[in-house]
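Two complexes, one shared chain (chain A), two partners (chain B, chain C).
And now, the complex of A and B:
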């Protein structure tokens, strides 16, 4: 209860909680489409691939403005998507391999640039290393506003193209036969996912970002069979995990926010898997024992 | 200083070799992201080992990491088996959770100790020379060389001894099962080797870059050869080459050594992706264009042959008419005619094309196997 009162009075905490909740909502909504299209790990690859983009943007402009760095991240993420698609399309390397290759080499190049930057300037002065693990504690109002604008734009696009994205997620060939350009839609959806990732980098970092996309969607999927409901639940779960992680991390010195958000999310996923009505594993097991007992009689 | 450099490069080369030995199977079996998940998920295990041994202890670290890897693989498979979660979503939930747990422990309990959170991601190969192995007070030299050297030997033995089983289970799991080799057993053996290798390479190159060393050289080799033995050998070679090249780059720019080594592997992959003689994109594009031009030239000479010695031969052999007759863009038609002239198949005399002897010969041979899609031909048939 004390935490909740603090939430509205403490300036830093309000920014951290608000930023984390925003991230939860945006990644929860877009994660639903990613998971339904079986592209959850694409988000992982894109998050890693954003690192060199951030570093190059800093090297080129010598600016730490969030918008500039996030633009770099978006360009790198977009390039990585393109590369993955080309590798899968033109070689015999599987999608799994292409993801691993792009993820690890982009990240490696990012690390080279990052260490180059930190050693050239006074260590950690650039503050870029916070993108590795995220540092929600350093979120200030400017960041939260940037996140809100970007996230709002992404959510607006989803609302506008909801019908098209739904069709794409469930039956892409049918969408194509109706005359929708599935390539354009697919690229657009991936670009929106890149926005979600870009929002999340500062909060949870490149490594844990995958879970922010996949977790809420997988949890929400257990509670409903309707996409609209799933999206709303995923947004709520994402926001809940974000706020919970922020609250836990301020309760004690030295607890990082990003990992706490992910661990809160993991708890939500596990609870959903076990106890969600209809699909819950616990009810499933109970049903089976009862059936077996009935059969034995 | 020179010994330190030597130790760093050798450590990198040993990591690359140990990883690349397994990498080919990971690429072929589509287990790249599972390997990525394992290399992240061992973090809490390593931290637990550190915690229980009250400091850096090799055996405790290995034990904890192996346990964490086993838990990861088991949980991913259990999640997939519930059919509530897609295969890749299962991976994407489990490894961040494990990794978050690990970073939580690191920053909560070891905030100012030897374990540095950034090094968790990209390792500390720069200090390889200073971390020496001391047994009973005797200095045995850099620990990393012993650990990674042993890993190389173990992985080499694994691949050599079980080559047949691995190959069979990779390319035809059904046949492997029918012949009495359990594909599941081989799968778990490979997973175990991957996690042991990931632990051994962890201090040197960190959680994320291990995967680069495992997957990227193997994928490069996959683009260069169709033979599994050769693929493994090339992968190891590419890995060692990237390690050496990466060190030079890192030295010049004063940047992360492990990162530069993995980046070099990425550059090798990019080169193979573009220029591989068998699977490269540029080579394939060139081959396609060459085939297209050859086909076009055959079409041209066959068309000319069909209209030789007819009343309107002059008209049919006009360059402009040709392009509309064969439905070619004017630019393309000019290119084809230019190529055909250079190959001495046709002669151009004041706007009219005529076959040379060589051209007529090619046209006869081509016409024997293909039919020109020409409206005249269709009209002539009864």
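And now, the complex of A and C:
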């Protein structure tokens, strides 16, 4: 109880907790669609591609305002998506090949820019290196408000187009035959995933952000056979892992937040894989043992 | 019975009687589809008359599925045009029901049989509007038509292959269409489902609908359908079975050396004489 009161009275802790909860909810919800469309890897490519965007935005504007940096990240993520689509369309390179190429090229370019910025300015003055593995302690109210606005818009779109996104994820050609523009829907959904990634960059960082999309969705899928329920559980799991990881990392100076959040998430994913009622591996094994015993009699 | 009358009432409002009187349900002119530089379909001219149960038959890679997808605007065409009751497909979507190949979707998707069937109503609903009680009731009725109403709340991966196929058919029924395109609905289904699909095809024909079905089984084709298009990249022949499903045309479709096809055909000829007497 004491910890909870402290959480909401302490300014830093409140921002950290709110920010990581927001990030968990948004990436949990959008991750469900990414995972069901088998686009988990796309999230990884988009997150890595965001790094040069952040660096260029900083170099061009010399501003550290979150809106500016996140806009840079979003534009770079978008460009990466377009590039991947064009490569798949015009060459014989497969989608995973294209993802790999774009991911590493953008990330390499981002690291070069980051090194350049760090050398040029006084070491950590820019503070951009926190975007690699995330640093929740640096979240201030301004960041949380930016995240809330972006995340709220993304969740609003999902609520509005839930029917269309579900159909797109399940059977895109059928959606197209009904007259829904699947290209528009697909680009829209990918843009929302870019928003989810952008929201998580400061807290989780570009390297591990994809796990924040995939983990909650995979864990939630184990507990239910309904998309609506899966989305709600994924949001809760995402928020839980986000808050737990962020608070652990803030409790000790210098622990990067991203890895802590992902480790918390891993605990949730593993528990779900083993113990979820219908799909859990433990119950599966038990059922099989019982069946074998019954057959032996 | 009440539900049945709802269906007929709805479809009678959905069909443009004027157009139906002057134009054929499907008219394909000079259609060519290519993947990279290889033609998948070449110069297809095909008209399917009203009220037919039509089979599209041809060897693997003949472009059977592609033909359906090209009509539905799902693959880009190089040349040619498609008319549905004399108008472009985009203007006639509400008249069309589509059953994709069963293995084209992930059946482990977290959803129920009823929910999948309700997707058939999404076209009418349009953007943003959610399905309500009317759509739910209609979807239940469609499930009942394929004998699946007892499985409405099942997660779709818990259904057998045949049951999944019937769910897909029910979804097309929920589109409340006038022309149905079905891609290999008989593949990998059990005997119960096969009978259910045949009964459904007959019922659709009785209601005056047109069905166009990709079919691979030469044996059963003449029993299930009354009109055929033989396809192998080009259209070899089309028309009623009696005049179209000949040894010569089958040889052209499957290649001159394909003995199996011819044997199939002879087998069918004997069968047909038998079944005609029974009928």
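Quick note on the criterion: the second predicted complex is superposed on the first by the 290 of 297 C-alpha atoms of A that agree within 3 Å, B and C clash if a C-alpha of one lies under 4 Å from a C-alpha of the other, contacts with A are read in each partner's own complex, and residues count from 1 in each chain.
Methods note: contacts are C-beta pairs under 8 Å (C-beta built on N, C-alpha and C of every residue); 3 or more make two chains touch, one makes a residue touch a chain.
These numbers come from a predicted model, not from an experiment.
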Would chain B and chain C fit next to each other on chain A once aligned, or clash?
fit
Consider the C-alpha centres of chain B and chain C from the C-alpha centre of chain A, and write down the angle between them to the nearest 10 degrees.
70
Quick one: classify A:211 as touching chain B (first), chain C (second), both or neither.
first
First (chain B), second (chain C), both or neither touched by A:226
second
Looking at A:10 after the superposition, I want to know if it touches chain B, chain C, both of them or none. Which is it: first, second, both, neither?
neither
Applying the document's definition of touch, where does A:169 land relative to chain B and chain C: first, second, both, or neither?
second
For A:119, decide between first (touching chain B), second (touching chain C), both and neither.
first
Could you let me know whether more residues of chain A are touched by chain B or by chain C?
B
Counting only touches as set out at the top, which of chain B and chain C does A:178 meet: first, second, both, neither?
second
Smallest separation in Å between any Cα of chain B and any Cα of chain C in the superposed model?
9
Both chain B and chain C touch chain A at residues 221
Touching chain B in the complex, chain A uses residues 35, 38, 40-41, 43-44, 48, 86-87, 90-94, 96-97, 99-101, 103-116, 119-120, 129, 132-133, 207-208, 210-211, 213-215, 217-218, 221-222, 254-256, 258-260, 262-263, 266, 269, 273, 279, 281
Listed in rising order, the residues of chain B that touch chain A in the complex are 27, 30-33, 35-36, 40, 79, 82, 84-86, 88-89, 91-93, 95-97, 99-101, 103-104, 107-108, 111, 117-118, 121-122, 207-209, 211-212, 215-216, 219, 222-223, 249-250, 253-256, 258-263, 265-266, 269, 273, 279, 281, 284
Please give the residue numbers of chain C that touch chain A in the complex, ascending.
69, 72-74, 90, 93, 96, 98, 100, 104-106, 109-112, 116, 119, 122-123, 125, 127-131, 155, 171, 175
So in the complex, the part of chain A that touches chain C is made up of which residues?
36, 160-164, 166-167, 169-171, 173-180, 221, 224-227, 229-230
